[in-house]
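Order of writing sets the chain letters: A, B, C and D. Residues in each chain are counted from 1.
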Amino acid sequence: MAGNSFGQLFRITTFGESHGGAVGCVVDGCPPHIAITEEEIQKELDRRKPGQSALTSPRKEADRIHILSGVFEGKTTGTPILLLAHNEDMRPEDYDHLKHLYRPSHADFTYEAKYGIRDPRGSGRASARETLARVAAGAVAQKFLRENLGIEIVSYVEQVGDIVSTSDMNAVTRADVERNIIRCPDERAAKNMIALVEKVREEGDSVGGVIRGVIRGVPKGLGEPVFDKLSADLGKAMLSINAVKGFDIGSGFGGVGMKGSEHNDPFMAKGKTVRTATNYAGGTIGGISSGETIYFRVAFKPVSTIRKKQQTVTKQGVATELEATGRHDPCVLPRAVPIVDAMSALVIMDHYLRHRAQNGS
Amino acid sequence: MAGNSFGQLFRITTFGESHGGAVGCVVDGCPPHIAITEEEIQKELDRRKPGQSALTSPRKEADRIHILSGVFEGKTTGTPILLLAHNEDMRPEDYDHLKHLYRPSHADFTYEAKYGIRDPRGSGRASARETLARVAAGAVAQKFLRENLGIEIVSYVEQVGDIVSTSDMNAVTRADVERNIIRCPDERAAKNMIALVEKVREEGDSVGGVIRGVIRGVPKGLGEPVFDKLSADLGKAMLSINAVKGFDIGSGFGGVGMKGSEHNDPFMAKGKTVRTATNYAGGTIGGISSGETIYFRVAFKPVSTIRKKQQTVTKQGVATELEATGRHDPCVLPRAVPIVDAMSALVIMDHYLRHRAQNGS
Amino acid sequence: MAGNSFGQLFRITTFGESHGGAVGCVVDGCPPHIAITEEEIQKELDRRKPGQSALTSPRKEADRIHILSGVFEGKTTGTPILLLAHNEDMRPEDYDHLKHLYRPSHADFTYEAKYGIRDPRGSGRASARETLARVAAGAVAQKFLRENLGIEIVSYVEQVGDIVSTSDMNAVTRADVERNIIRCPDERAAKNMIALVEKVREEGDSVGGVIRGVIRGVPKGLGEPVFDKLSADLGKAMLSINAVKGFDIGSGFGGVGMKGSEHNDPFMAKGKTVRTATNYAGGTIGGISSGETIYFRVAFKPVSTIRKKQQTVTKQGVATELEATGRHDPCVLPRAVPIVDAMSALVIMDHYLRHRAQNGS
Amino acid sequence: MAGNSFGQLFRITTFGESHGGAVGCVVDGCPPHIAITEEEIQKELDRRKPGQSALTSPRKEADRIHILSGVFEGKTTGTPILLLAHNEDMRPEDYDHLKHLYRPSHADFTYEAKYGIRDPRGSGRASARETLARVAAGAVAQKFLRENLGIEIVSYVEQVGDIVSTSDMNAVTRADVERNIIRCPDERAAKNMIALVEKVREEGDSVGGVIRGVIRGVPKGLGEPVFDKLSADLGKAMLSINAVKGFDIGSGFGGVGMKGSEHNDPFMAKGKTVRTATNYAGGTIGGISSGETIYFRVAFKPVSTIRKKQQTVTKQGVATELEATGRHDPCVLPRAVPIVDAMSALVIMDHYLRHRAQNGS
């Protein structure tokens, strides 16, 4: 109810602030018999960790993941899995200057409005560090989906600022994505993106972009008809990531100008299965997977933490200036790719279990 | 779990197919002492009903709403409210020709994949008629929000096909929206939109568009920090509406090209309250309401039901042609405006109760 | 959240007060392909309806059940099932004298404390009429469990006042239970129970008792290990029935005086399966079904509505006397037997779907 | 869904097996501004830990609790609280002989039936060690309830084997309970109970008993009318504790022989409030708190772990004998008292927040 859980049957409950103890999650409802190790999870976490490349914040985080329950002799047992990473200890005085003012477009102000109290260290619970738990749980789900259902999840950076990739989303592989530090499979666009991010960093500023999510091999019939449409749950999953301001699936915002006769995807027989000739729907019809590739876009605003001087007010409402020092990510997108992968996996996994409950297999 | 409920504390559970019995919902968790009548609910329903104007399907539906529990002497009692409208009886043979084929971009195919059985009459559960329940429940929520918190919800058609309104969303009133049959407050754009819809109808085709949602007066502090961000729950609410393929909030997809220094909304004192000078955030920061106006866009694809001849296959996978007769909406947007209003109200109402649970008031 | 839903995956949401509209429920998450008719449901309802015998209230209720959604051509479709019975209309003045005082041990007082408003007609939502919805939904679950899993649910009256049946619970059949109007398979005890109830009725008083619940053929492995133990969910289900004050399973309260060496049920091989030699556990070990018969007891207090004169106070706290006229059940147990059957079915059904979600079959 | 969460709004999710990592829970939905320290939680945990007296298992457990998130400068912040205790490391070979057989009345058999895999070390997830998390979370709830609402929770041992205490439950204080190692406030009965437990231990056996739960000062109006009656949720909470086989509230099983005219609790004015002259109801009417003291009984079977030789079978179904060595609790009741306190607190806390959501305060 307090918004720290995601999923109905494959359900994660995350915890932890940026500093002072630990971050992680409990995965409840995980099927037994999934072979999983800390190393496999760590591999996914390393894709989101800071300091992994010249583009990301050089900050070092104690991202070492521990499996503290629910796995016995390398296999899940069906009981809750605790995934946990300890935080590094911070000297609290480092955050003293942030206690008394509201950083523009940060959640300082709204947390205080909500709770009347907040942990000011490293943005507390609003820290991007919270996504570590999502990626860790997503690694378990990805393992299951890949090995049991042959599902392939490949997200990548499609746009940074005004630079747009022209990659064919149907051809992109995970290896293509990992080929460069911006995680854009279009090498030419990637170069320009990297240059843009470096320029923005030098200016002490930040820049936004778009991640493309692609999920291949989802069996038809997943998703619930009315409120919990697969498309709606994917949308919520993505919109719950820090800095995300938009989501569209299939033709999305681009399809509003089309006619029905252009946009409708004709059914056709392909061997013994029924397929659609086009896929403007983006892999779900009426909110239920059609067996075609699911694809969507996720819009990220430029991150709020910048080095440039900004106007703001103190808690007492007195105008003041904020000039951030320290390290930050000028563009969050490369590190957000594994988060989009993870959230995709969590949604598909949950709907797979829901389908299995009601329909038996 | 099967996707027919929405909301955690102000929770609606909808039921009903297009034909054969009734559609409606149970509203559970509604606060007591809300004065509400069938007439007030009916008024909202009349905005979504077919046949209301030359633009919409001339089909007549038995949209007469009944309150069958939870209200005593004109006031909610805190117990579940059953809102129900009977369906008109159909001769089942009318749908015989649809039993054996899959209409393109309709949920016939995916329902059958999911359940192995489906009610073919009027699209069954996938019918847009299901939204009647949302609008009815939303009317109760809107009443509470307006009278207790002074919240104002005003959605309108911003785009049809390529025609875009230039209305100032901060000035639009519900009366402005109701001034024309396309529900676009920009009179010039409205005329062009109406002409376009009429042309499309004559062609036996359909066209998509964008609805702008605006929510004014939401107190700061609503929304949960991590997964159940107000923005994420609004996104899910909208993406759960039939034909919706995209959602963005605040700067949305348009903001990805901005720099952080442009996009950050500076805080400033305004009398005794803290406000932001700009509102690129769209009224939520870190997923929690900031007290500024919440605004977002909802992208609708062109509806699937068209009169034009289409290619498809039968259940046996044999290629066939479909030529729909009968009546349909060439553009669903005018009738979707009250649905967007309703879903907005359901989300805000739910988060208001959640806030009250944890924070006491 | 407001307590009108039961079950996680086979989830019912009930609605309706005693008078003025309708009572019933939405069943969400029901598997598709269950053959079910209004007649089958009605048959179960007739076991709980008033006026069925000389022992029960002669009051007549419009208990005619309607299936208004979720069933097509006699089979469930996987979409929400609306089960509804209309209420008879009452003249509101009939309840005027109850508006202003609190009937002893009725929920008038606590409803008013909770909501500050209540529907005084026929106890409103606290009416036993609410259980109609449970029995209707339970009939669907019983059909599935019987036909798909061979599960047999047989509850019966074991005790009325101080008269205790000595039937062997392992031998009792549904036909045995239906053989007399008190629903006690021990004919000798039944006669005494009936005589007692008749005497109590003449005195204008009421009497309590115990229902024995028996569930045979539950596959091993159902139930969740920690909080949602099968035993705990059965307990909650029974304790949620009006007038129930106690529940025990297996050896129950009688087992507290035993030694572990007596109470432990030894495992033994029986053909290819493992069984227990005794069954003090009552069919669940660690909250999970063992494959042995599940059995439990449900304690009902004497119902609150009596004809005898009673002391109470008005809403203003002024002492007054209450002398009920009209009809009431002197002993609720015979009519509660189908409710215990229904709640048993709802719990087992829900856990079966939960098991299927996590474990695949 | 997988049964590791309890509560709707004050929601705990527990994790952890007996050995190998950690046990604990995430508390989600906790109100902000509760002052809480590890020491306060530890104090409650020390009441349940093994080795605390001559009566309990001399086993030593690493029960040191850590607060790893959700608390800042000694106060809850409204974000999830991670409460965690590390497990001591075990040599896996210690459990090798338990891998291949089913201990009578232990969950070995049912876990394996459910998941097809289990962690055999120290009963894995079925270990009583799991209750550590409940007590820790309950300490937070108790703090809130005591300080904000003046609620007092006092459970105690009422019966061991056939020895029954005659304490007046309305007079018992927490100090009275802590006065002896069996946690029975009736000194004479306590002595006999202790002697009985010592005798049973010498025999290598175990014995059951009854805990009385008492909750004073609950405001009227808490609890939901239909399924989530306060009485039903208390029942479920208690029945979810290991070894519990029965629960009754108010007159309970003892009340079934009473007449309605005896059992009904007359209302009367007491100063400005309305009270009941008697309290057979046990503090809830229609499932909602009446303002009177809530009291109930919890029946514990004799624990399954005994030293006496027992018959059982191996996983292959071969008959074998089990003779446990090592240490065990001959009577679990003294250590279960703080668990009953904790579960009581969790239920009341949750319903308090639910009431606040729907009714505003």
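Operating definition for what follows: contacts are C-beta pairs under 8 Å (C-beta built on N, C-alpha and C of every residue); 3 or more make two chains touch, one makes a residue touch a chain.
The shown structure was predicted, so the numbers you read here are calculated from the model rather than taken from an experiment.
Using only Cα atoms to place each chain's centre, name the chain farthest from subunit C.
A
Looking only at C-beta pairs in contact, point me to the busier pair out of B-D and B-C.
Result of the comparison of B-D and B-C: B-C.
What whole-number Å value describes the gap between the mean CA coordinates of subunit B and subunit D?
Result: the chain centres lie 46 Å from each other.
What whole-Å value do you get for the distance between subunit B and subunit C if each is reduced to the mean of its CA atoms?
One centre to the other, that is 39 Å.
Return the residues of subunit A touching two or more other chains; collapse runs of consecutive numbers into ranges.
1-2, 4-5, 8-9, 14, 29-30, 32, 78-79, 114-116, 125, 225, 354, 357-359
Quick one: which bits of subunit C touch subunit A in the complex? Just the residue numbers, please.
Within the complex, subunit C touches subunit A at residues 1, 9, 29-32, 78-79, 225, 353-354, 356-361.
Spell out the part of subunit A that touches subunit B in their complex, as residue ranges.
Subunit A reaches subunit B through residues 1-6, 8-9, 14, 102, 104-107, 109-111, 113-116, 125-126, 130, 159, 161-162, 200, 203, 205-210, 220-229, 231-233, 235-237, 239-240, 242, 245-253, 255-269, 272-274, 276-277, 280-282, 284-291, 297, 299-306, 308, 310-313, 317-319, 354-355, 357-359.
Going by the contact rule set out above, which residues of subunit D touch subunit A in the complex?
1-2, 4-5, 8-9, 11, 13-17, 20-24, 26, 28-30, 32-33, 66-70, 72, 75, 77-82, 84, 114-119, 124-125
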